[in-house]
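For reference, the structures are reproduced in the following blocks.
The same chain A turns up in both complexes below, where it pairs with chain B and then with chain C.
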Partner chain A sequence: MNLETGKIPGYQLIFLIMGFVSSLSMLFLPTQPAKNLAWLAILVSIIEGLLFASIYTALALRFPGKTLVEINEFILGPLVGKIVSLGFLWYFLHLASLHLRNYGDFFTIVYPETPLIVFLIATIFVCALAVKNGIEVIARCSILLVSLIIFLYFFDLFILLKEMDLSKLLPLRNVSVQDFFKASNAVNSVSFGETIIFMMIFPFLNKYVEARKSLLAIIIAGLLIAISAARNTAVMGDLLSIFQYPTYETLKIVDVGDFLTRMEIVVSINFISMGFLKISILYYGLVLGTAQLLKLRTYHPLVFPFGVIITVLGVINYGAISELIPFALEIYPLYSFPFEIGIPLFLLVTAVVRGLPKKTKGDQI
Partner chain B sequence: MNKFSLQIKKMVVLLLVLTLIPFMMSGCWNRRELDKIAIVAAGGIDKENKDKIKITAQVFKVGEIKSPQSGGSATGKPYVNFEGVATTSFEAIRKITQIASRKLYWSHNQIFVFGKEIAQEGIEKYIDFFVRDHETRLMVNVLVSKGTAHEILTTETDLETIPAMNINDIIKDLGATSQAPQITLKDIAERLLSKTSAAVAPLVEVQEINKKKHARIAGTAVFKKGKMVGELTPEESRGYLWVIGKVKSGIINVKTDDGTKRASLEIIRANNKINADIKDGQLVITVKIKEEGTLNEQDSPKNLTELPLWHSLELLQAAAIHREITAALKKSQEYNADIFGFGEVVHRKYPLLWKDLEKQWDELFPYLKVNIEVQAKLRRSGLITKPISPSTEE
Partner chain C sequence: MISLVILTFLGIIAIEVPGLIRKKYWKELIVFLLLLFIAFIASILLAMGFEFPSLIKGIEILIKYILR
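Now for the complex of A and B:
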């Protein structure tokens, strides 16, 4: 009984994770407490992210070919395992709807008179198509889209060189240690920590050991985000703190000889492609996990209903942006803690202590 | 499900998609065609009465902008100024739709002018909309009028078709004299956000030439916490620009031959370096300027390119720069407005000490000790070395 027959090679995993991590993070990150040290906070959060990711990969390598839902059941037994899996599925669902809403919010700022729901439906429709086609399709999309974004990223960096004032990155002792770590922890929980979803995708790697490549992907994506944060600060300085979408505003500044101006469209391209990847991956993990939990033969019938649920949840998630920012900074790191590190760590420790999986019991390797 | 019904299903899906495409591809939700929008080229804001403001929006009349070849007679001006009066910027802008047949489109706005009264009252409450709205842009050039913004936007133009373009091009060429800063909305917002740094903006006035009103740049307006507190003359403005390293070019006049003759030196390039130090418990700012120029004009009969004279010319140049900086510094300390951003320099150097200094900056700044070190070089003397006047030596 295999829900997903597709296989992805290791390098596609790198692209997937890079797209996943750097998607919304390049535009919107809860780094406000770190002020001009946002880039440093992100660098620190990479370390935290690597710690998380190594736990995920250790688990994945211990139980090759098993998704998170199956691992839960294997370690915690059928009942408790199912309850924990249910928690994870809720987390994925909520996350997908949050990101979908973020995505829609961005467009309602550019198109103020278009209803939010139009963007949500249009987006989830494309994501649903991708999910229905399986992980192979999403992974191949990621290569194309992430390559495009990386090209645009360096292009942006180059044309913004003229506007940068590196002294705006100083002083280094501007923020209290507490605020600094608050920012880096928040960054980790919204970007790197969410790679827990890849526990649903590791089993479809050609070679299981290639799950380790996720660490490399996190380092690359982290560096990209850190450099983009440094770039934004160098261009905008303290002004950055008042904007909702710092990167968007930064690229508005571009003016190369009255010819290359208004490059914020690049941000929209970034947002459309990376947002699509991120939502698709979360959506895919969600329907696959649900199908495994309910022991279905295929996940296809779940795609449509979950799309509706994600969209509706996206609309009712929060009323206004003023509710999102305190949530992302104060509540989210706590809320995501058990899912991103608490439970995975517990699973790993339990597996090590109990010596799981026992060789005799291993049904499929 | 047999093969036949599967095919039918596929056909139905295909048909549905095909019928959906025209709806999806027709364009944006609230599309605005080019002939239905009024493209704003300049905005101005004035005080109307005690609690009302007047927004002036200069709009292209596209039909009136003709190429000289087509021989369009000068029947109408190629622009129209719409005015809206209300208590807030946004409301005033929306009120314009009651008189204009089209909705204003602000994305191509080039300049934004503040009337003097508004500037003195405080600009930040009116600026908020222009930073917040998605249509307006941060890179719009900001000016302060010596009179009203409206009179600046009704000035005559000779080479350009509309005042907005005229003023915008003047601003772009400010570097040729470096006697007023080029300031965008982004710069203003950045300075307003800072607790210690003060904002500046180029000052523009109306000058009558042959009974025609022309706009003319006339120095710099100095703000303190969003309120205009004073002006810098063109010379002081260049003193300010030396310190922040924004001098691109310009002419320095020095007196030669014991003050009887003059020489004009062109600024080729200039560098700045600002440093903060604490010496004997006192905060000292050091401003280092490195400048290179050329001798471009002289009316002295002497050959100024001869070495001792050449060096004295360099010293005179340095002294002139020093004088300009001192004048700007004196004015800014008089206004107690840290237009140079010295506070930020201290902040970067002494982040821990800054927490206390920041609160006292208003008391500290007027008495701040600033060392000015100018190193000026002359590199060339144009195409000739000796002057064309016959030498009276011998």
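Now for the complex of A and C:
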């Protein structure tokens, strides 16, 4: 029995991935070691991200109509496949809680008096409603929200033009090679690598070959992030590395004729909408994956219990936001390595070597 | 605070369980109740002010242990 009857067209996938990749990245990226070369580090990480995404699409095209959980079970067998899938589900769960917490932390800066838990519960409730309505609803939301974000993005860029000083992007040889690649690898693992979750969504495309469009989406989103990093550096210069949320601090500077001031709240619009998309997608993948792992007939009853678990994990993730940057730089690339590239690559190599799937794919669209 | 948590969980049960019983989805019901039980224990502990260890610290220790 099919768990999800919804279908999404290819262009909605582009919007979904753009929203997913650029959400957190417009606000907070672990580029501190790369200093003024953050934008270049992001450009390099796009290449790495494309490599990852092409592995995911190759797998998705090899097994049309199968999600990651089903592919695991198909290639690795029932027992090992289930254990590996359980690992992935933990990763999605933890990732959703990390993003939820990050989201809540940002709002405690905008609204200092409100307790953190209020934002977490309010957010996860909206996401739970979206997930209960299925992938089609999330995909349609993404069109509206991502269009709004792109408009605001160019608006921000335009009003900051006056403040920019491109010489702040120099000198180019300020950063050691090691630091540079550390930053670009960390950027890749927190933004592009997390698109592994789309392995849960590719089967619901109208035409499965459209999974290839994810590469295009990653390039567009990567360029947007890189330009925003370059913009922030051109405005703030070396000051940038001390801020927790660079884009937020950068837009505080805006002052167009004493009229357009305090534009930093525009960033929070970005963050509200993109964070909603990102958490919803991760949440959806988690719930759907669990239902497939346990061979349930519907995923709807799992939505609310997982919502509570994500919220609790979000609270206990870390004490203060300042713990997150060292984690994102040092530990997270290692932690996410097996999930983002290790296991998918292993699955692809195994499938190619064993010549899976053996059946002709004539019965698919 | 604790009564609020209990109220939330009763609300979730009231929303989900009748539909599941009507459709005779027993397996789904068991998974639902199991997950809800885990969520309930965790959120009651949180509401009572239990100090959980930091999750990302735990992952850090685990990764360092594996790669040592």
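Please note the rule applied: the second predicted complex is superposed on the first by the 359 of 365 C-alpha atoms of A that agree within 3 Å, B and C clash if a C-alpha of one lies under 4 Å from a C-alpha of the other, contacts with A are read in each partner's own complex, and residues count from 1 in each chain.
One rule holds for everything that comes next: a contact is a pair of C-beta atoms (placed from the backbone, for glycine too) under 8 Å apart; a residue touches a chain by one contact, two chains touch by 3 or more.
Not measured: the values here are computed from a predicted model.
K.L.:
Should chain B and chain C be called a clash or a fit once both complexes are overlaid on chain A?
P.N.:
fit
K.L.:
Check whether A:253 is in contact with chain B, with chain C, with both or with neither, and answer first, second, both or neither.
P.N.:
Touch status of A:253: first partner only.
K.L.:
After the superposition on A, what does A:242 contact: first (chain B), second (chain C), both or neither?
P.N.:
A:242: touches chain B, not chain C.
K.L.:
In the superposed arrangement, which partner chain does A:112 touch: chain B (first), chain C (second), both, or neither?
P.N.:
Once the two structures are laid over each other on A, A:112 reaches chain B alone.
K.L.:
Quick check on the superposed pair: does A:327 touch chain B, chain C, both, or neither? Answer first, second, both or neither.
P.N.:
After superposing on A, A:327 lies in contact with chain C but is clear of chain B.
K.L.:
Taking the superposition as given, does A:173 touch the first partner, chain B, the second, chain C, both, or neither?
P.N.:
first
K.L.:
Please compute the chain B to chain A to chain C angle from C-alpha centroids in the superposed arrangement, rounded to the nearest 10 degrees.
P.N.:
110
K.L.:
Go through the superposed model and pick first if A:335 touches only chain B, second if only chain C, both, or neither.
P.N.:
Only chain C; A:335 stays clear of chain B.
K.L.:
Just to confirm the geometry: in the superposition, how small does the C-alpha gap between chain B and chain C get, in angstrom?
P.N.:
Minimum over all C-alpha pairs of chain B and chain C: 5 Å.
K.L.:
Can you list the chain A residues touching chain C in their complex?
P.N.:
94, 97-98, 290, 294, 296-298, 300-302, 304-306, 308-309, 311-313, 315-319, 323-324, 327, 331, 334-335
K.L.:
Show which residues of chain A lie in contact with chain B when the two form their complex.
P.N.:
These residues of chain A touch chain B: 109-115, 118, 167, 170-174, 236-239, 241-242, 249, 252-253, 255, 261.
K.L.:
Flag every residue of chain C that touches chain A in the complex, lowest number first.
P.N.:
Per the stated touch rule, the residues are 8-9, 12, 15-16, 20, 25, 27-29, 31-32, 35-36, 38-40, 42-43, 46, 52-57, 59-60, 63, 67.
K.L.:
Could you pull out which chain B residues touch chain A in their complex?
P.N.:
Those residues of chain B that touch chain A are 28-30, 131, 134, 137-139, 186, 189-190, 193-194, 347-349, 351-352, 354.
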